[in-house]
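Down below are the structures I want you to see.
Here chain A shows up in two complexes: once beside chain B, once beside chain C.
Then we have the complex of A and B:
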């Protein structure tokens, strides 16, 4: 899914940092040596003072998938500075998903992944082949625990589990952050490790094998590991800058077991299909830079840029501008967001294989997510505070709407039989989310 | 020196018009008196140096030399520097020159609310940006006053803490009139600190368990004026000269130093109805009574 709720940003630079710096100048060693005040955890029961952030999202792609996604996040900041975050998400996706085959002038019949003829489907001439029985329920749970080690060092460990009927994923992560320069600078280092188990219906296909031969093996898995190095700097009292770089590497069965690629003859007629075949390693490097500026009591902006490249030939750029505008004595706010995204295609991306090349093609995938495209997202969030309810005497209702539009960039020379067909249908999607935080 | 329960020993004295104490684990009677002397001396040194009620203080000397450029000592300079930073970061809400307003406002529980004119006449004398400060040189214009009372007690706690921390690693807690700082937990658990809070017309005590760090409390207490059913609290907004409306009755903040905790609790009061919001933004531990 392209649209995902973004994590909440850390609180903007506060007067407190300035005050800490001023206190240090006045008190010298006393302020520097003194640790952050530490209260014994006895002053509130474990079950008290949790804050709850809940949301229900509805996602709809034009004529394809729709999803309903409830999200619950509960968190608690303990008296001694420790923090615990727990979250759970349930996704229910249904609809039809492109199987990778090319639109054709003829009807195309596909078997179900399990091979059962009763679940096969036929795509009409001129239509994009989609598997209409796409139905997936996903449940995901995550936990993150942050503990201050010293006044200036913080350790955070967490894990995530995600389960679908044909996919299981487990991730663990750990990071350490160190504050220095009167807490105006934070350096962080994080590692994560992911294990994914694929249990596709009917087994995982042999990459590049003929779709008609139905050559499938059992279950497959993949592993990923990554490191992240981050730097956050308070530039002025109203300006916070954050920079980080990360590298991650995946190994194992990296194919989508349900994606196939059409084989066509020189005239453009489909002569068969192959399961996609991706390399069994992928290394991604990315850099991210974000600047948040509070212009006045009402308006703050965030501008972020991300650059990513991998050894499959995919390079992507993301730019996002985000406004936070408080209204009515800060009881309400609106957040308009615009995001621009562009990526180049993987080296082995191809919308179809010519039958003369079929035997020599090492890697191929027609998965549009590996193609060259650009996308724009427009979002608007409106939130209103309600006083006198919730654990902090205040709760917040919000509504968020996002519109996503994807357009393909590269077009291959098209054989005669395919001319006039829309081989590169873009994607339009809408996300509506209502949230309640208390 | 007196025993506090089974486990604690207190050395008590009075300074800065407040009851002050040094708390130590019991069994240290011998050391207690010397350490207590050290703390009391430091408290009285700072009181003598910065009190606005004494005519031999640095504050009095600064006031005698209004209208001329003077050179202040290093400690005074660092306090003025601190005051300027607090003035800047609070956008004028915390202002050591606001003491002049006391000539108009007397919070004695009466209904003598000053004339708007009296306040208007004083306002040109309020504002840190009106004095000239280039450390260590100070030029205080005629009529203006400097008052370190808003930060003096907390500063004294931190200074005394430093003296003690340099010669002692075992647990201790310094408490000057409710503003306090501890270096570590007692062997049998955290310090149980009772914070007196003005709760309507009775005195409520809230017990907090402190392991280490500082707590400071600022309150609207019982100092106010009442006229035509309107309560005028004693927290004055230096930008208007009038009391801050809807200030909480009491704010306690935990921070690493007492000075920082004190500033945060004072600034919270000055934010009036937005005190809680201000504290949330600072992401500090706080206890607020409205």
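Then we have the complex of A and C:
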């Protein structure tokens, strides 16, 4: 596939790209998002003038999961203003995944999700129970098509399919955007619908059932729908702002089929386990505000704030700041990033069930992702543009590194037998990513 | 901050922005800085997608910038 016209001179390509970026900017605030695709000339063939954005990410947790994720995105901005965006992602995950059970002073033996004894595993005293045989591959493909309806209105429709051996997801979305105030203001409205099919290994556990009884049923599903209202405003020559509010609602089997909760006695000894049991619906609401400010020719910042709450009792606040520092006539840039996040626990989150509780009739989950914690991310990105020659135009190589750390906030009173054990180990992870776009 | 407070802040911000539309914004020939790559809201979509996937699989919240999609069985 020929992605670039032959014989384009680098300098001409660079100048053309700048002109196209300026042209896009003239289209209004709505065209600002994702305008990286360079506009193709009117006589461009369908297979010509595509922009390619690719990345390979490696994610590693301390003693747990690691993942390799190649991603590629190809897009084309046609001369008539239409834009087509196609993307593909592949994930390969392996390692050890926490099964939700509590660390104990005794060795703990677990069956595999399939029930095969040959895949069972034993956790040593004092260690966090993890399934050491975790292995999953995922492939996802998506497409998005944007078409101008009038000089100030545009419609965008898209969809995504994602497939794993125990999970399938299909999503469709549509949004419409309207520019006004000399295209300094854009209002947008979008809807999203998602269908997920779960085919857990060994079947889907009956929520809240006794782990030892291995009560599992067939496949399960869940559905989600959401709406998003957005306002993008050019504030000044150097300041762009976006504000979104969104609501989504999921119904169906919302449990993690591989998570169990320990049942302990008053002394802290584990007496059994239950499969987790979450409500079968969840509604989330969020408000999001992002600002881009250029301070001078070399320096700009992006600051985003998000508030989210759901009817499970989770409240979260997120703040992310990145600094973009251009160097060497904008041929290179450095982007340090810091992100702060905190969330409250879901109402039914509990790291363990005391066997004096009537837990079998109540919702419960020991999934740490539903607990109260705060997290910090530190990141650094370096990118360098390369001016090609001959048939190759300008391209950009980048390297990005992130360090992510979760720390738990709330800790329940610990029974005597569990004193001194690390029941809330938190999470530390590193992400390394290399990117190439042309 | 409660959702009610956030909604009020949203309403006030929207009103301020909508009310101030006449005085906000730039002329078409003043979009030079806004045309810079680093000033685009979706300048690095793959970085955002990879980050969103990581946070989606490790936290109870997702979305906000766009739809809070699932698309994986990791949560």
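Here, the second predicted complex is superposed on the first by the 388 of 438 C-alpha atoms of A that agree within 3 Å, B and C clash if a C-alpha of one lies under 4 Å from a C-alpha of the other, contacts with A are read in each partner's own complex, and residues count from 1 in each chain.
In this section, contacts are C-beta pairs under 8 Å (C-beta built on N, C-alpha and C of every residue); 3 or more make two chains touch, one makes a residue touch a chain.
Small disclaimer: the values here were computed from a predicted structure and weren't measured.
**Student:** Go through the superposed model and pick first if A:127 touches only chain B, second if only chain C, both, or neither.
**Tutor:** A:127 contacts neither chain B nor chain C.
**Student:** Applying the touch criterion given at the start, work out whether A:66 contacts chain B, chain C, both or neither, answering first, second, both or neither.
**Tutor:** The answer is neither, since A:66 touches no partner chain.
**Student:** So, A:405: does it touch chain B (first), chain C (second), both, or neither?
**Tutor:** Neither: A:405 stays clear of chain B and chain C.
**Student:** Name the contact category of A:53: first (chain B only), second (chain C only), both, or neither.
**Tutor:** It touches chain C, and chain B stays clear.
**Student:** So, does A:286 touch the first partner chain B, the second partner chain C, both, or neither?
**Tutor:** second
**Student:** Determine, under the contact definition given at the top, whether A:237 touches first (chain B), second (chain C), both, or neither.
**Tutor:** both
**Student:** Report for A:435: first if it touches chain B alone, second if chain C alone, otherwise both or neither.
**Tutor:** second
**Student:** Who wins on chain A residues touched, chain B or chain C?
**Tutor:** Touching more of chain A: C.
**Student:** Return the residues of chain A at which the contacts from chain B and from chain C coincide.
**Tutor:** Of chain A, residues 18, 21-22, 25-26, 33-36, 237 contact chain B in one complex and chain C in the other.
**Student:** Can you check the complex and tell me which residues of chain B touch chain A?
**Tutor:** Touching chain A: residues 78-79, 81-82, 85-86, 89-90, 155, 158-159, 161-162, 165, 181, 185, 189-190, 208-215, 254-257, 259-261, 263-264, 267, 276-277, 280-285 of chain B.
**Student:** What residues on chain A touch chain C, complex-wise?
**Tutor:** By the definition above, chain A touches chain C via 18, 21-22, 24-26, 32-36, 53-55, 57, 59, 69, 71, 73, 87, 89, 91, 136, 138, 140, 160, 162, 164, 166-167, 169, 171, 173, 180-185, 190, 192, 194, 196, 198, 224, 226, 228, 231-238, 240-246, 248, 256, 284-290, 292, 294, 300, 304, 306-310, 312, 314, 316-318, 324, 326, 333, 341, 343, 346, 369-370, 375, 381, 400, 402, 404, 406, 427, 429, 431, 433, 435.
**Student:** For the complex, which residues does chain A have touching chain B?
**Tutor:** 11-12, 14-16, 18-23, 25-27, 29-31, 33-40, 42-43, 79-80, 151, 237, 330, 392-393
**Student:** With touch defined as at the start, can you tell me which chain C residues reach chain A in the complex?
**Tutor:** 1-3, 6-7, 9-10, 13-14, 17-18, 21-22, 24-28, 30-43, 45-47, 49-51, 53-55, 58-61, 63-73, 75
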